[in-house]
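Shared between the two complexes below is chain A, which pairs with chain B and chain C, respectively.
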Partner chain A sequence: MQKIKPLDHLILILGALFLCVPVVMALMSSTHAAIDIHSNGLYITPGSHGAETYTKVLTSRGGFTGDVTGLLMLTNSMIMGLGFAVGKIVLSMMAAYALVYFRFRFATLIFWAIFATLLLPLEVRIMPSYQVMSELHLLNTYTGLIVPLLASATGTFFFRQFFRSVPDELLEAARIDGAGPVKFFIDVLVPLSRTMMSAIFIIMFIYGWNQYLWPLLMTTDESFFTLMRGIKSILQVWVGSQIPDYNEAFALAVLAMVPPVAVVVIFQRMFIKGLTESDK
Partner chain B sequence: MTDTPLSLAEADSTLFARLRRWWSGETATPVKRVQFDRPLTPWMFLLPQLAVVAIFFYWPSVQAVTSSFYLEDPFGFGATFVGLDNYTEALTSRGYMSTAAFTAFFCVVVTALSLGLGLLLAVKADKVIRGAETYKTLLISVYAIAPPVAGLIGMMFFDMHMGPFTQIAAWFGHDLRVGIDYWDTATALIVISVWKQIPYNFIFFLSGLQSVPVSVREAALIDAKSGWRRFCDITLPLLAPTAFFLLVINITYTMFDTFPIIDVIVKDKPANNPMTLVYKVYLDGFKGNDIGGSSAQSVILMVVVALLTVLQFRFLERRVHYG
Partner chain C sequence: MAHLSLTNVGKTYGGSAQPAVADVNIEIRDGEFIVLVGPSGCGKSTLLRMVAGLETITEGEIRIGERLVNKLDPAERDIAMVFQNYALYPHMSVRDNMAYGLKNRGERKAVIEERVAEAARMLELRPYLDRKPRALSGGQRQRVAMGRAIVRQPSAFLFDEPLSNLDAKLRVSMRMEIRKLQKRLGTTSLYVTHDQLEAMTLADRLVVLNGGRVEQIGAPLEVYRAPASTFVASFIGAPAMSLLDAHVENGQVMLEGHALAPVAHAAGPVTLGLRAEDLRLTSGGVPMRVDHVEELGAQRIVHGTVGDQALAIIDTSEALLPETVHLGVAPSRVHLFDARTGRRIETATQPVAVPAE
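On to the complex of A and B.
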């Protein structure tokens, strides 16, 4: 096969360093005292203030965000990630099933109406979306945080592609056995889609967990803050303070990135499969 | 579907081929040979998704279009119909035009750099055997980091008191002032946005490379001695569909998903800082309370995005060689 040149490894090592060193430095710096970071810069070695900083960030009220603790924000982020992933899978599997397995009037129109959502990301219609949410009294609710994000058709697109690749014979066999549409969906398609569901679950969990703009608009009540929303608050408090709480900001960043990064690293194979095979 | 990933059948099953088929309306033909024929059941399955799409996509989108023709009282005492005033005001203002110019520049630079670096790393990772899994894990893990977290970490690296990049710039005699100097801030935004996007491009390029069959690789190895020629003549054309797909994704990423990065770095202080059109929509709407103007900008963006998508599907795809 091909010869391996040291240059290839050098490029890969440089690339890995460029990507990972900032993360490692954020992690390490979070275990040092703010004053040390202020005078010495960022650290690449662990310090001795880790336990103290993380305890404060997780449990102390009003450390930097007024009333909310890091633990509560962690819970909210978890609700957001899980709620979004589950909601997305349920909604999009059902819609994709109807689009693929049924012959009905206006099917093409409905198809277009759903897939047009792929064209316009949430960001271009934030102002009117906010107004709609406030008219529906959904500001500062979990429903308001999660459900509007489900409007994009990405998941429906994934499952539609998957269902199309399912052999027709399965449906024929099911019909001969006398299975109706609901039974076929629950007893045949859902078990068949298990791998696809887990792959999409991983991607959607990360997507939901990482949401920033929407929680920023939807939540003014601190008890609904997610970790991403907390990052915004921590920066707003900084303006007045003498020595900014670098360590606490880093600790918050670490809390916000550990779950999704862990998910990607642990389920790497499934994650790549979900990402590349469903997007294609 | 055939066994060789290079066949036209496979190429035709890429996103773009499928999307092109939507555009040409070919979806009218049934997707399955056998289908259920019931009038009500499909609607039952469609109802949740349709309800969410109608309430949270179409209602706001229509509202954006309507309120873009009105001048809303900042205190909420009604609105006056002003026709196209909001549009002309947005399109002729210097602030809007310079933001649009920066957005275009930002898109080109971030897309080019993150695609280029992602491709370089993928080609190298595809070649090495020793440590391949470790490299892969390291290069992919950053994907999961949220843009605001990337922004926060980046902000520390560009911090004026203790940021390593500020110190490095100081060695070269440059006083790096992110958040104050226009081009310093732009540099920081570009570096962070590229950093965040490399893993995504890496994953797709690598899986594209690994789907090239061994027989083709070996044939290429015999035919072309120079690695560079092999790359240009064989690898690149085979990667074209992937690259094309990533191009669309990267442009969308730079236009929309960099919002949190900009928000963390610029922190609502637009003073003399670069920003993208999406960020301006947010600032004018939520901080400036200019609902009409913000909506007009939203509608302009919607048109731009829709046009971009159509253009890409109509023209760019023709140049893509499916091998």
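On to the complex of A and C.
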């Protein structure tokens, strides 16, 4: 039996509180009226306006055109998140497959070139990307929102490392079993990569979900508003004597947190299962 | 089922001047069990992989049946291969692992099911059909790998050191199983191993390889009784044949100045090969200083030196050994090799008994 060390526990409890309290505060504050938050600050106890705030946030129409609801923003964010995650996984898996299994000249060089793009953040190439999309008339489309950011050096890197760890004999066995390149990819590599795919899915879904700058630039049509922009726009209405709707901002923030948390919870189980099931 | 013929087969990897495999000629009869044996790096696996179609053939021809397969894909060669690390698809059940090749060939469902069931019965895998490979023991995985080969009903089985990942006891029983199975199915087989014991027990004929070249092809006993070179002599048989510098004088092999046995060979230096099991302790003869003794229970291996040359004898008595023993050998069991080339010298006193097959 291990001795309980009070100091260790204290540190752990403080750490947990440090991480949890802001989230709890946001959740609790969102159930109070905006005016109370403005005068009394943040709350840590539940209030009585929860249901109406969340209903309002999800259904009331806002924005300049007056037809952006929370639900629409949630849908848009979801499309971004899923589009990014799925698109990046498909693309980087195929890229890594080509790099690892097809012997062409300069494969390593190409890989390092792809890898080097990791050093360039989106912001560096945002103007040229914008211009390309604009000339292709893809502004204000989901295609324009998602496709330019799909190429993923991170994903390609992870899948490349993973494919390299798959024993060559498996490929040889598949060749003898009459599986061509496409069949081997779909029948063997994809099922084997499930763990890797769920890990990348978590990362990329959150990456897409949290996109702010790119959607801001690419879309002027309010029907493409994402949650991130919605939160921002609520706080931007500090005009004259009007108080910003803190409670709604908090409610949106809480809503914005739910899907990523859900994704992590769901995929983490697969992720850990994959890690503990040894041998490939 | 078919015969296999390798004609002047060679392989040179790009960027290397030395061929990995050179000038291999083997005719394999239908249903024959051929074992390729040699130390690591001798090209035996490369040769097998060339037959399988996993390595390109840079020289010569390989025919399976009457078909020239040099340029064919592995799947078109009508072969099945068993890998050292099994190479089972980890995400498929045992059943799917066995059925995968047939599915890809577009075989009918009923046929696939029937063949998988038949293989599972033969290999006693029926209770495990729905398990994943990771839930199986090493021996069971090896069986699944064999099942995968059997269901395809190929012209030839190729085994690439299939038993080297198993523990010693299992290896012996799997060895017998493979042999029985192959006899029953009558499928031509090519088997690669570095284990000379495995090679001796499994093979109809052995192919001993060294440095990418064939040293000797023959039935196990033939190779054992009449090794074609010092390399084969030291590789086949355990403990390894002792190879000693000696010379022939007046029709006698002289070892360190002692006459050992009469031979019909011109005088001059030779390499003398003596198997530990052919040597006997005698009251007179060549004296050997005893260095150490390995007790094996049924017998013991006595290591010692004659002059300063190491030698091993198998002795079945349990008597305490003096510091110096004397040894003798039947003249028919003396092997002579050319001192320079290492090739065998056939002598008149050595009738080679080849067992009837």
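The definition used in the following text is that the second predicted complex is superposed on the first by the 247 of 280 C-alpha atoms of A that agree within 3 Å, B and C clash if a C-alpha of one lies under 4 Å from a C-alpha of the other, contacts with A are read in each partner's own complex, and residues count from 1 in each chain.
Please note the rule applied: contacts are C-beta pairs under 8 Å (C-beta built on N, C-alpha and C of every residue); 3 or more make two chains touch, one makes a residue touch a chain.
Computed from a predicted model, the values in this text were never measured in an experiment.
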item	value
Clash or fit (per the criteria above) of chain B with chain C on chain A	fit
Contacts of A:23 with chain B and chain C, given as first, second, both or neither	first
Partner chain(s) touched by A:124 [first = chain B, second = chain C, both, neither]	first
Partner chain(s) touched by A:167 [first = chain B, second = chain C, both, neither]	second
Partner chain in contact with A:212 - chain B first, chain C second, else both or neither	first
Contacts of A:191 with chain B and chain C, given as first, second, both or neither	second
Which partner, chain B or chain C, touches more chain A residues	B
First (chain B), second (chain C), both or neither touched by A:179	second
Superposed arrangement (fit on chain A Cα atoms) - minimum chain B/chain C Cα distance in Å	8
Those residues of chain A which chain B touches in one complex and chain C touches in the other	172, 175, 279-280
Chain C residues touching chain A - in the complex, by the definition given at the top	52-54, 73-75, 79-81, 83-85, 87-91, 100-101, 104-105, 134, 148
Residues of chain A touching chain C in the complex	167, 169-170, 172-179, 183, 187-188, 191-192, 194, 277-280
Contact set on chain A toward chain B in their complex	2, 4, 8-9, 11-12, 15-16, 18-20, 22-23, 25-26, 29, 37-42, 90-92, 94-95, 97-105, 107-108, 110-115, 117, 119-121, 123-132, 136, 147-148, 150-153, 156, 160-161, 164, 168, 171-172, 175, 181-182, 185, 206, 209-210, 212-213, 216-217, 228, 231-232, 235-236, 246, 249-250, 252-253, 256-257, 260-261, 263-265, 268, 272, 275-276, 279-280
For the chain B and chain A complex, residues of the former touching the latter	13-15, 18, 22, 25, 27-28, 30-39, 41-43, 45-46, 48-50, 52-53, 55-61, 63-64, 67, 117, 120-121, 124-125, 127-131, 135-149, 152-157, 161-164, 167, 195, 198-199, 203-204, 207, 221, 227, 245, 252, 256, 259-260, 263-264, 267, 278, 281-282, 285-286, 291, 294-295, 298, 301-302, 305-306, 309
